[in-house]
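In what follows, structures are represented as structure tokens.
Look at the two complexes coming up: subunit A is in both, with subunit B in one and subunit C in the other.
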Partner chain A sequence: MATSPPASASAVGSSVPRADGPPKVTGASRYVDDLPAMPGEIFGRTVRSPVPRGILRGVRFDPAFDWSDVTVVLAEDVPVNVVALILDDQPILGTGKVNHAYEPIVLLGCADRLKLSRALQAVTLDIDPLPPVLDMRAALEGEEILWGTDNVIKRYLITKGCADAERERSEAAIDAALARCEVVVTGTYASHHQEQLYIEPQGVIAWWDEAGAHATGSIQCPFYVQKAFLKAFGLPADRIHITQSVTGGGFGGKEEYPSIIALHAALLARKSGRPVRMIYDRTEDIEATTKRHPASCEITSGCDRDGTLRALKIRVLMDGGAYATLSQVVLSRGALHASGAYRWDDVWIEATAVATNTPPNGAFRGFGAPQTIWAIERHLDRVAGELGCDPLDLKAKNVLRPGDSTATGQVLRESVAGEECIAKAIAASGYRQKRAAGPVVRGRVARGIGLSVFMHGAGFTGSGERYYKGKIAVDLAPGGRLRIRTASTDIGQGTETVFRQIAADAAGLPLDRVEFEVPCTTTVPDSGPTVASRTVMVVGSILEAAARELASRVREEQEAARQPRAAQEGQASSAAPPALSFEEAADRLLAREGKVTSLKQYEPPSYVRWDDEAYKGDAYPCFGWACDVAEVEVDLDTFEVTVVDFWSAADVGKAIHPVMCKGQIEGGSLQAIGWALSEEIVWQGGKIRNPRMTNYIIPTSLDAPPFHVVLVEAPFPFGPGGGAKGIGEMPMDGGAPAVAAAVEHATGIAARALPLTPERLFEAARGAEAPRTAAGRGERARRYRSSSTVRRARSICRRSRGCSMRSGGRSGSRARRRGARRASAARARC
Partner chain B sequence: MQDKTSRPSPLRGAQSKQETAGEPNTGGGLLAAHLLTRRQFTAGSIAVASGLSALGSACTGCDTPARSADTSVRLHVNGTRAEVDIDLRSSLLDVLREQLQLTGAKKGCDHGQCGACTVHLDGRRVASCLTPAVQADGREITTIEGLSPEGGPLHPMQQAFIDQDALQCGYCTPGQIMAAVACVREGNAGSAEQIREYMSGNLCRCGAYAGILAAIQQAAPEIGGT
Partner chain C sequence: MQSFTYIRPSTPAEAIAAMAGGGPGTRFLAGGTTLYDLMKLGVEGPLRVIDITRLDALARFDTSGPHELVFGALARMSDVAADRRLKEDYPALSEAMWKAASQQLRNMARVGGNLLQRTRCAYFRGGAPFACNKREPGSGCAARDGMDRGNALLGASDACAAVYPGDWAVALVAFDAVVDTLSPRGERSIPLAELHREPGSTPEVETTLAPDELIVRIRVPRSGAGRGSTYHKIRDRESYAFALTSAAVAVRLSAGVVAEARVALGGVATRPWRSPEAENVLLGQPLTEDVAQSAGQAAFAAASPGVHNAFKVELGAQTITDALMIARQRAEQP
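This part shows the complex of A and B:
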């Protein structure tokens, strides 16, 4: 499906070419490191702790090194040494105690980049190591205390039905409810770190002048950075100018972390009196920046023999890393999605985030939900196994319908499309027939199919929107143009294009009359952060109102100009042609008033009620719904998994731009497939062993299956453009459980922990009974160790050296593995 | 961007100056080989390729504390000739980006792993971060900026990327487009399978692969055989 100019007057719903397309395909877009050097600019770098925990005794600078042109910033140079976010527990530069490997301790700046890297080597950190706590269970046990009084960053309890008793009795009540159920299943499901791996590494340029502090960079949420500067430097808001440059992907990774880089760059700039360019290289980016929280979910469920789900008890444990960052919010979203897209009578969910001596984890697309949805989906697959039915039947039977209530007691009324998504995904994929036929085994390759059903809360959790009061402004510009001013950033997801569509339609103007201002904290209002799939649904809705209001003011002006003339000429005013064109009327209005702006603030729908204490009520204004189906091939010798087809039926309320909407679903699903199959952070003593793109394996074009996306539109009455809901995060939720279900169908291996790498599947096959996997076959999985790594090496050859290795012309893992063997041979030669 | 002039030449740099003193800048074959043993990325790449990924701060230790002698290279970039004074160890990517202000080619990894820096060298695609600038001496370089005339119509591949919405954040896009054009010219765009294979060295984290495939299929007939 291609983009094309709007066929009708209405831009919403048509896939117009993206606004940022031409500069991006010609190389004209300026990402932060593309910005020309400012006069006197220097480079900045960070000296980091090599150990995960210890006491910092001092910092030594090699006296033999020439420090004359190197700027050095230490903790004592920081006015208020705290990264303002939620709990304000993280120092800008470590001092006293070191709490994780790669913790920043010293900043260095120098105009000569080579000298700067040598300077880095000339700094010695004197740290007395302490035994680190690297495991979240050990942290929960609390033998060593690293954070607060018990290592617990946050804990939530969600109860429903009979578990709705006071805290002490609620657990006993849910246990009793479970005991009454006919079929009880228990299991623990684990998920792992994931690196965002946006292709543009993080970076900021900072400088100071008479107007105050400036920072420009690859930033998802400029006002987070502003807030951090307010605290650290004690500056008034109007002296802090945080500007987003064109941003090469974020996926959550550039939500809160850029505050740290911006603070570091600004500290160096303040001390040196020069602009400072601080761009992370890939290794530093992977090591130091935030990742998805690993989680473990212990689930016990009870249901009737006929598959009616009754009672659910879950313990969620998340690893927050060394500082709190956004963990409590991530945990909240995780807990609120832990019961899945299903109806339960009695629910007890206890969710805990603990601190460990690992680098802090933070925002990543899905924000806690993929971890708990992975768990509940895998669990229900097992329940279906116990009941002897297909997971589809169990899930379709229990999926939430209008009138049902969620785990927090939120009664779903409108825009509830779980059933429809299931029906559409099943029809499109031929799931039933393929399941019924059983896994197809051809030679060494077994093919299987699996599915997941899920919902994702759109927008902030609970009272978030009431608290944030997101704003947007639309200005009238000369020539009857509209200029959108918002802090909602376009980081690739297409905000700029979609916002123009919404504004143009609301104002009744052609698309090219709408401009989008570069987000800077001193020129745009705080729309709230670009997170939580809230941009289109929440900010888009106030944009729609603002654009409409502005246009009607111009039309009033037109009307006012017509009235006197119509009266003069004695004509019926309705028949008279407007005396002024829209453009003329706009200019007249502008000339008279100087500035014509509509500023709108978001008000959540009045029915939204949320109790932050009891964790009850309307957790989200609405949910997006989806059903994913994955078809995989598993090489029974090497345990390589190839996703050969992928279907997703997703309810988005209303697709403002169907092509980009599908792009979000494909991209999110592919990240989910990567998380499920190949992406793995390898830890050793609290440090990362694979901080590179060659050994942290994200999907390539070869790993991307054909995506078949079915857009379902169950409009949300308060969404813009006729009912749009958030879509950015949802596609991250369902891929992993669907792939795991398909692998189980193909091989009988029921994975309960991510990722499903060949080694892990082999271990699982050896550990559990795996009927279709002959003993011993998997031995080869070990020899073809990390075949994906080898595949990556070959992919690189393909591109960078015009390598002559030929594809065998056969698809799937056999050809790949053969190619892989050749790749290793080729590599050996090189 | 680097102010080289203000820096004294430490010993090893001076040495390399001597080594290269007698050599005219012809193609740089020998020079390149010499450089490859010294450049920090080599150490990084070898370590990774041999599976030794445990280099936490992999390259910090191998930054040779030295400055190389400067040399000058003649680059034919996008049809324009430029004589550039460079640090011998500079990658083509750094010279393009920092000295010629051609920032279209991106630095996603600086280690030949992502493809964001792909440019054409004598019509062949290379990872410019892995290509020593001296190796490009006297050769034709095309970057994304030179693919279509300024202000003129877009190259069919660029247009196809817009038509098929083959990008999101756009950071991988210049590399994807340069690789795609080369992929077609090499005759490796015969089927979807083949395109996926021969484009697999260019990573896109936004996951726009389906659009990229469609764009190549759209543009291939128009540029094939050139």
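This part shows the complex of A and C:
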């Protein structure tokens, strides 16, 4: 007797094996450069500007070189020379003006890879250099105009309370509100470029045939590439086939940039009539592709003597680089997170993105929020110092609670878990006891602990989802199987696995009945881009509805088959076993209808209201919440910082796959630690001096602390699987300020700029910028405040150390190694 | 990259013969971890590559000899690093291996080729539009007014301040190692201290080896200070990074004072840098932390720091101090 498959033990909430695990571990996965060569395929390379700014007078080709089998593409070969994105200001190939070093000018293609690299040397760009503007403040001053009329790519103003007025009066109003406050603190906080450094560099294979243009590659958002092709080539959408190959990480770096490399490959393919393989090596990838926007935040805050936060004024400045790319959206998210996870009565935030002659910056995990959260968290640590209280008390007192409103006036209704995250992180880490004990100095190593509190808006900002109308399709496949068709890509973060979990549970089927189709723009609907921590929360929720609907159609078919027979046999239909199994019913339905699909389109919760003009309302449907605690050891002689323990209590709504969810938090936190301590793009004259993995220093597993992740689940009623919220980006937000707070606790050095490299800490300790005295600290901590006291203290430590000197390696290395085992490849995982 | 002729001899004599017929565009290939890298960067463009990895006789090493340790030039770094006797008797040599590169690279790289790795100076490796006298003799030095965080404080000239990046050679120079070579003119021995040249006015010439000369083995005379030694390396992250500063130190204590002292520095000089200045401070003194500190400072007395590398004066001195304290503890163990 046929039965329908048993409703599986719930897949959601359990850490099922990753769908992409075995092929990746066994080497079966094919990344773009692993794909076999197509007949006639050639390689593509890019000739780039060696200078950051100038006038392109011409391009010369060495007449002694044999160009007969080299395809050359210049700007004049491009039908519409613009990379379609938001402002359409970036040319596909530079012409006339050169606006940043590494700007692409000429494309070359050749079947012989060695000849191609020689051809690259045989091209000379005649550029009259102009003085570049490499500093964002100089760009804002506008002495040299590079972009638009004033170098300003975008400016936002967010106001609340008394600052709600037209612009001039608004600033005066916030100044007046600040003047009325009992404690006013001002400071400026800077953050720097960061390279995504995904494991797999960017790469695309493109070709043309009777069906149109094709591009396959390492792509986060296939429909962005489709949009770029629509504009550049004037093709209809059904003749553009953008397919994702297995992708080795993105972190935002493969959100918008792949449009450029895919356009380049397609241009060469169009001109040569052959498939073109274009794969960047690491150096080209670091030099040419986007990075995190550097930012500077000037903050003035006012509060009551008891620590109640009142008024906040912030000027955010971000460096967009030479073209707008996604800067206005990054800036928006940065501005919307600039007030932190706290309640303020009166707010004035002015955020500006300017253009400089540096390579364009773009999407990177966190998307502007890590920069402003770094600033507000560091600032509140200073406010706490002024008040003589622990930063924890100040932050816990003011953290947003249900019923409170954010800087945009968004009233928080449900799924508000800041307090719970703080409580759990504090309990797990022993923060209070360790803070109260003061920094522990053993020998010359000072240990300290610090925290950060933050929230991260999940999903698109404002009306984004209403505008985008993301879709997903679930097809019925033979044998009662479901096939998910979505443009939400799996780039290593686990989309395929969690989507199969969500669909299986919604349909009441076992996990292995659900398939995931390779995303291609002509076969899957546009689900919206794989960004903004929206994949699980937004696309996952329509997936859940689609899978549920499809399964119910099959069950109706089962029901329809049973009723006539039950009536015939005179049995009570409810007690009768189904006449058809789920598989049989599905196949019957499929045979009758040919194609059975459920297509769903996303509708944001009806309460979400956003005014894009006034920048008011529900900036996000909900927020994720978190509290990070870092414990560090600082070597007072070498100023090396070792993160010895790291706790993160993070509210994810509902963990669909707890292991991968924790993996996101560990990996994001490690990426934040790298940003805080060692990662640094070294610039000289607008060019990057360290475009290699040997000198752009990301943490290795040995540098990873033991991560203690506490998952908090405050369900979002509109999230899938029982309330999941986005988690991809939030873990990038809190690491840097938590580490800096811990370093301050250990040493008294109050860093306001990233990264906290040993030589910067050394300079700070020398007293170049003597840190302010924070109240409530032990006498011992105070001894480390300035150069002479550091030296005296060091020699005291040395004399009292005896022979219990560590026997080699760095302190804490044992703890690190312990942590390394747990966290190994945490970054690689996402 | 360009095409090249690949030759795989099976004896050292064949290798030398192949090289003799080769001319300037010929290179020996061992582990390939440096050569391939430099070929990709356009620094090296050999026309002929002589793969010596099948010369099995050169892969053996022996750390048990009564008078000296002998390392065939083709011994793998990972094998030498794992040698238990070396770990016990000459921890500095073992640690210099362990703290270099990554396990994957150590599995490929050989101890002879390791000595010849070239500088990590970004201007040298990056090339145009930045000038580099080492890469293009006479073109100038972009590091002089550029980013000099990675530049040498010791042994630099007007033409070049690129740091010698290795660890192994630094430890070897502390122990007065000798390099045996083979060429068409026969065998000879070169003290390791004389293998690398300071840049002077010809930074492109990095060693005293003739172009057709092959390193066949490294010999280290036994020393009473072997057990009291360490290789201490400070870097930007815990592993897989070149030294910001490093120190190979070895001490033998007798009647409470230093009877033998060996101090060499890495990450701060244009070649593996022995510091007799530091050694002289230590000799005859009790090895207290103050004395160690003085030794560290003495090593940098002649340092000429630049803009971004000035912190290495203090960091380097401290590295020596720390290394000496670790070495003392080991030397005192029965």
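Simple rule for what comes next: the second predicted complex is superposed on the first by the 758 of 830 C-alpha atoms of A that agree within 3 Å, B and C clash if a C-alpha of one lies under 4 Å from a C-alpha of the other, contacts with A are read in each partner's own complex, and residues count from 1 in each chain.
Just so we're on the same page, a contact is a pair of C-beta atoms (placed from the backbone, for glycine too) under 8 Å apart; a residue touches a chain by one contact, two chains touch by 3 or more.
A quick note: this is a predicted structure, and the numbers were derived from the prediction, not measured.
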Look at A:A211 in the shared chain and tell me whether it touches subunit B only, subunit C only, both, or neither; answer first, second, both or neither. neither
Contacts for A:R689 in the overlay, against subunit B (first) and subunit C (second): which applies, first, second, both or neither? both
For A:E759, using the defined touch cut-off, is the partner it touches subunit B, subunit C, both, or neither? Pick first, second, both or neither. second
In the superposed arrangement, does A:S117 touch subunit B (first), subunit C (second), both or neither? both
According to the stated criteria, A:I199 is in contact with first (subunit B), second (subunit C), both, or neither; which is it? first
Mind working out whether A:V518 is in touch with subunit B, subunit C, both or neither, as first, second, both or neither? neither
Give the label of whichever partner, subunit B or subunit C, reaches more residues of subunit A. B
Tell me the contact category for A:I697 with respect to subunit B and subunit C: first, second, both or neither. second
With both complexes superposed on chain A, which partner does A:T638 reach: first (subunit B), second (subunit C), both or neither? second
Using the touch definition from the top, say if A:P50 reaches subunit B (first), subunit C (second), both or neither. both
Footprint overlap on subunit A, comparing subunit B with subunit C: 50, 113-114, 117-118, 281, 682, 684, 689-692, 694-695, 698-700, 702, 798, 801, 807
With touch defined as at the start, can you tell me which subunit A residues reach subunit C in the complex? 50, 113-114, 117-118, 281, 637-638, 640, 678, 682, 684, 689-692, 694-695, 697-700, 702-703, 757-759, 762-763, 798, 801, 803, 805, 807-808, 810, 813, 816
Within the complex, which stretch of subunit C touches subunit A? 1-3, 40, 95, 120, 122, 125-126, 128-129, 146-147, 149-150, 230, 232, 234, 236-242, 289, 308, 311, 314-315, 318-319, 322, 325-326, 329-330
Considering only the defined contacts, which subunit B positions touch subunit A in the complex? 1-3, 6-7, 44, 48-49, 51, 53-54, 56-61, 63, 65, 67, 97, 101-116, 118, 124-127, 130, 143-145, 147-148, 154, 158-159, 161-165, 167-174, 177, 179, 186, 193-214
Within their complex, state which residues of subunit A touch subunit B. 2-4, 15, 17-18, 20-22, 24-31, 33-34, 36-37, 41, 50, 101, 111-115, 117-118, 120-121, 196-201, 246-251, 281-283, 287, 491-494, 659-660, 663, 666-671, 682, 684, 687-695, 698-702, 704, 706-707, 789, 792-802, 807, 809, 811, 827, 830
